[in-house]
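Quick one: the structure is below, questions incoming.
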Amino acid sequence: MTGEQITFLVVALFTLGSGFMVVTTGNLVHAALWLVSTLFGVAVTYAVLDAAFLAVVQVVVYIGAIAILFIFAVMLTRKDMRDQGPQMNKNWWFGALLSVSTFGGLYFLLQGWSGLSKTAAAIPSGFDAVAELGNALVSPTAYVLPFEVASVLLVAALVGAVYVAFNRK
Amino acid sequence: MSFWNDPLKVAADWLMGIFTGWGMPEIAAQILIGFLGIFVLIALLMLLDIFLVWVERKVVSRFQDRIGPNRVGPFGLIQPFADIIKLLIKEDTTPGGADRVVYNVAPMLSMMSVLILWAVVPLAPTILGVDLNIGALYIIAAGAIGTLSIIMAGWSSNNKFALIGAFRQVAVMVSFEVPMLTMLLIPTIFAGSMGMSTIIEKQNIWFVLFSPLGALIFLIAAIAELGRAPFDMAEGESELVSGYNIEYSGMKFGMFYAGELLHAFTFGGFWSILFFGGYRFFGLEQVNPVLAIAVIVFKAFVGYWIIMWVKYTLLRIRIDHMLAFNWKFLTPVAFTLLMVTALMNALLAGSPDWLRVAVMFLSNVVLAWIALEIARSHSRKEREKVEGVKQVVEAAHH
Amino acid sequence: MTNETLIWLIPLPPVLAFFLIVLLTNKSKALSHTIGVGAAFLSWLGSMVVFVSALGVEHLGEHPFESSINWLPTGNTWFRIGVLIDPLGAAVLFFVSITIFMIFLYSVGYHNFGQPAGDHDRAGLPPHGATIEDHRHKHAVPSVEPMYSRFFAFLGLFAFGMYVLVVSDNLLTMFVGWEIMGLCSYLLIGFWYGKESARNAAIKAFMTTRIGDVFMLLGIAFLYSATGTLNFREIFTEEKLHMLVTTPSAFGFSAAGMIALLLFIGTIGKSAQFPLHVWLPDAMEGPTPVSAMIHAATMVSAGVYAVIRMFPLLSLDPKTMSIVAFIGAFTALFAATIAVAQNDIKRVLAYSTISQLGFMIAALGVGAYVAAAFHLITHAFFKALLFLGSGSVIHGMEHGVLHTGNHHVDPQDMFNMGGLKNKMPITFWTFLIGGFALSGFPIITAGFWSKDEILADAFGHGHMAVFITLAVAAFMTAFYTMRQITLTFLGEPRTKEAEHAQETPWTMTAPLVVLAFFAVTYGWVGIPEHFPLLGGLVPNWFHEFVGGTLAEHPEVLEFNIIPLLTSLFVALGGLFFGWFVYRNVNSPGEDKLQIPVLKNKWYFDEAYDFLFVKPATWVAEILIYKWMDKGLIDGILHIFGPATQGLGSVIRNYIDLPVINRFFGDGSADVTYWFGGKLRAVQTGRVQQYLMFALVTFVLIGAALFFFRLLA
Amino acid sequence: MVPLSWYLIFAAALFSIGLFGVLSRRNAVAILLGIELMLNSVNINLVAFWRYGNTANMMGQVFAIIVFAVAAAEVAVGLALVISVYRRRNTVVADEIDMMKW
């Protein structure tokens, strides 16, 4: 049990716990806040995986924008500030069953896969992940096309969202 | 002598010696030293914060043609301590029906969002918390946490004014993050890195000369981030009785308040780092880290003073005007500026400095001029529209 | 910037100007002509830089400026396009850029920039003039061209085409430029599309040149299939040329000869050689700058330039050479004869252009490579000068017309002029210089040297027939030139309009002066060494320079007195007679040479009309349309109709309705309906349940697959 | 040293939790929350594979970023839909939004 493993376990448990709260807690604003903590845990996981850039972007995009958006949405879609009634639909047990079976299936498949126990090689010294990522994102030989497609998607989503949510007087 | 060249390292080694001398494992010792460093930094920041309260009150009183705190101690220097004590011994109320946990977490987050910023601030060539190679983004990330704290505070205190204030504030912050991030990219383009220390080292010529417009937009976005006047609609006393932190009392309110002041000061510091060469001042920083710290603190104070100046000079802007100003004016200008700058930088790569400065500066000026012209014509149209309506209404009245 | 990059950039400004004007600045006349002239200036500047640095290079012929890029993937290789400036290209670029720039400048004045808009001008018609009123008495002034901006846009595109043609290093891009010019000539000749005649002229020019172009394209295709490349320097290598000579082709020509011939037909079309010359005189319907553009600077020169380019290929087959020589010489004489009888000042120049081009072609035919290039350039200068001069004259006449207000007077008819010498001095002197250059006035004018060189070459290479024909043609050239000058400038004004003609603005006269300068001086760069007295005073730079283009340097002929005397005689004699005969001829009636056959251009238009146009119309109208389409094909179709209908009804009643509809159609519908009724309970409209169904299915299928894989 | 399997199982667990949320929450916004969780678990996998595979090959991080973009788009559109549905039908309960049925 090395330090890294302890760190990982702590982070993972924290993340999973808050994730569980997200899907179970009755108060939706709390759910959104728990989502924030889950995402924060994921960001920490990225940091543990030496993907500092992704970690920060995770914080910026998810916590800074998406979570806030959720809170807004939660507050915009209720008449008063209380959540009335149960938060689970009537066949939630089936959903639980399915998700557990999904996890079981995934776990089962993972067992069958070799290279599970492989461990990470040390990052070569002087390897600037951010610069590499930047080059990969814009160099035509690499992923400029997916990148552009994603940007187009964002624009389309922006316009669509504005159009859909626009309140015609 | 060696201590003065690299105080952090010397101190760290000394402590490391002591702790290991006590038979503490290496790792633990390092962690402990790290915590100590953080603790010291935060303590100093808090002291500075207390001082800032005094500065703020003095400056505002000057602006409003008053004397300001002048009873307690010389020039009222002890006044803030008195305030602190007052805040500490005040009753710590929690409104009924408030969401206790969130309600109590919010102020901490608010303070934290400011304090973690200082992890990436290089005080001197050798004195900086951590040299993230994504420092610029880190600023925005911390801002995101601040946003979160505000909405938490607003929602949890179960008060419609607080909620409205929080909504407005968050809307403003989320929107103004966009031009701010864009402007953070401009020093990044020049320095070729997001790391604060790299950005400073690359500033043989202050980046403000390369991109005055960028510096200006950054300042505006920063003020909006801070929620200070003219963008302080969130806590408009007359309309919202001080906005999201209305229900807070005692030291919790104090944390919001101090957090805001320190935030302003911090952004003054970032402004100086990104555009005014940070701790660099004609090789002064090479002489001695202390001088470097003095330089950057001075620059930060200048930035802070400018922010105060704006705050106490300008009037409050209506919320929709704020957002419209951001989305319809500031953000497009910022994007255009970013494109222009990137293009220029690519075109002028390798050309002599004076040429780059000249071309960049001119392009900035031209862009600003065009933007202002467009804005002016648009506002003229708006005004005509409004006046047309007014005349119609008056005609109806008569 | 290296010369290569610069050469790449030379054609760009005009085309940019074209798009800018068409898309953005169409509204503003000032902006448009600023952009247009500015673009022309830029190209001129670039060309000058290239030209000067080309002068500096030793043996430019062996290693010219060239650079090329991959363009089209052809199989596993690339078709490369690029730019090439060798001595010939440099020399041509020189005059092309200058003349184009001058013409752009000239157009500003020609279209009356700065004058008020016309009272009843309409787009597509020449401006009729406007009446302005100052201190309460109104008088007519020329009015600005309604489609001013468009004109500059077209000119820009035209210039682009020419530059492309000059700098390109392969036949394909050259052909592209060639065709761009074809289009622009169509647009510009038909610029005043309101005029019936202009429309017809435009179509005629387009069609006629198209005939040549088709053959040229054939030639290019043949060349490419034979050699696998279109790059000049790659074609003109020893083994390629040898291969071309040795491979036979149709009509007893070698492949080289055939290709050369086909390309040459393209030239016949483009530079209006017999028998495709008919379009050029009609092209006079366009505005005068266009005439100058087409007849001097660009299009016709392009034809000759193409032949000169392909000279190494051309010179391989004696048959082709003789054909070329014949056509050239014949055209020279033939056009000259027509020119004698024309009264329209611009038509005379048009025919003289045809005949001068004939000179060049003939020169090439006799193998006088340098002489042809030389005459091409000098001719470009003085012909541009003459056209712009004539434009200036017409413009001055229009002033007169506006003054008298009598719009029935044709300002282009030389018999309405006369005595303009004092009215428009600058125009007169420049025109005089141009005319003398055209008729080869000895020693001073450029035309003399080039024409003399052609004659000398013809004589030296022993083509007597060609020599004599050209000599006669040269005589007539001088004759009708002098006739023109006499009728236009000398004597007394024959009409009130001529009396009130006046000098044109500086934008029109300045180009005249510049071109006049070149029309005189340019000849001195090509004085043969062995010329008596003058020979060797100035080194025969041109021969050295342009001759360097060819692989083996063309030898310098030894001097011979006969061609010299001939050219002296024909030039001076022609000029004298021209003046003598016409010094006091005042009306077409008194003109002895108004012979109908000449007047009507040897009835070529009528002949073509009878031979080609009418039969084509007949075939289309009567044979194809009436008989074939209406009678035969429609008749057959009309039979199909009822038959199909009957068959269709049978199928419908006995197969479709009972079997298909009843059984298959309704049956399947019923089945589907029944199933739908049973199944629709599944569609609850609840997203989450859908997702659950999907997941269950997914899990089941996945499990099944996994399971069986384990079994297998 | 943490073996790869831990990350994968962690991601799988997070995914299942999100799935549960998607399947069994009543509130449409909460369903979107679940979707966020699932997307994040995918991202964890991507980054983990990048780190444990050849770090010089940036594909993992690149696609993680693209997933960010997709998530942002999805949230924007999804919430817009929820809000407009709320405006018209005055409910955000997924089961009550079932006009699209027989």
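Chains: A, B, C and D, in written order; residue numbering restarts at 1 for each.
Going forward, a residue touches a chain if its C-beta (ideal position, glycine included) is under 8 Å from a C-beta of that chain, and two chains touch if they have at least 3 such contacts.
All figures in this text were calculated on a predicted structure; none of them were measured in a lab.
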Requested in this report: Report back the single chain whose CA centre is most distant from the CA centre of chain A.
Outcome: C
Report summary line: Set A-B beside A-C; more C-beta pairs touch across A-B
Requested in this report: Starting from the mean Cα coordinates of chain A and chain B, work out the distance between those two points in Å.
Outcome: 28
Query - CA centroid of chain A to CA centroid of chain C, Å - result: 67
Query raised in the report: Rounded to the nearest whole Å, what is the centre-to-centre distance of chain C and chain D, using the mean of the C-alpha atoms as each centre?
Result: 66
Query raised in the report: If you average the CA atoms of chain B and of chain D, how far apart do the two points sit, in angstrom?
Result: 33
Query raised in the report: Out of chain C, which residues touch more than one other chain, so two or more?
Result: 688, 692, 695
Report task. At least two other chains touched by the same residue of chain B: list those residues. Result -> none
Query raised in the report: For chain D, what residues touch not just one other chain but two or more?
Result: 19, 22-24, 94-95
Query raised in the report: Who touches whom among the chains?
Result: A-B, A-C, A-D, C-D
Query raised in the report: Which residues, counting only chain A, touch chain B once they are in their complex?
Result: 3, 29-30, 33, 36, 52-53, 56-57, 59-60, 63-65, 67-68, 71-72, 75, 81, 128, 130
Report summary line: Within the complex, chain A is touched by chain C residues 688-689, 692, 695-696, 699, 702-703
Requested in this report: Flag every residue of chain D that touches chain C in the complex, lowest number first.
Outcome: 19, 22-24, 31, 94-95, 97-102
Report task. Over in the complex, which chain B residues touch chain A? Could you list them? Result -> 27, 99, 102, 132-134, 137-138, 140-141, 143-145, 147-148, 151-152, 155, 158, 163, 167, 170, 174, 177, 194
Query raised in the report: Can you list the residues on chain A that touch chain D in the complex?
Result: 2, 4-5, 8, 12, 15-16, 19-20, 22-23, 28, 31-32, 35, 38-39, 42, 45-46, 49-51, 53-54, 57-58, 61-62, 65-66, 69-70, 72-74, 76-78, 83, 85-96, 98-100, 102-103, 106-107, 110, 115-121, 123-124, 127, 129, 132-133, 136-137, 142-143, 146-147, 150-151, 153-154, 156-158, 160-162, 164-165, 167
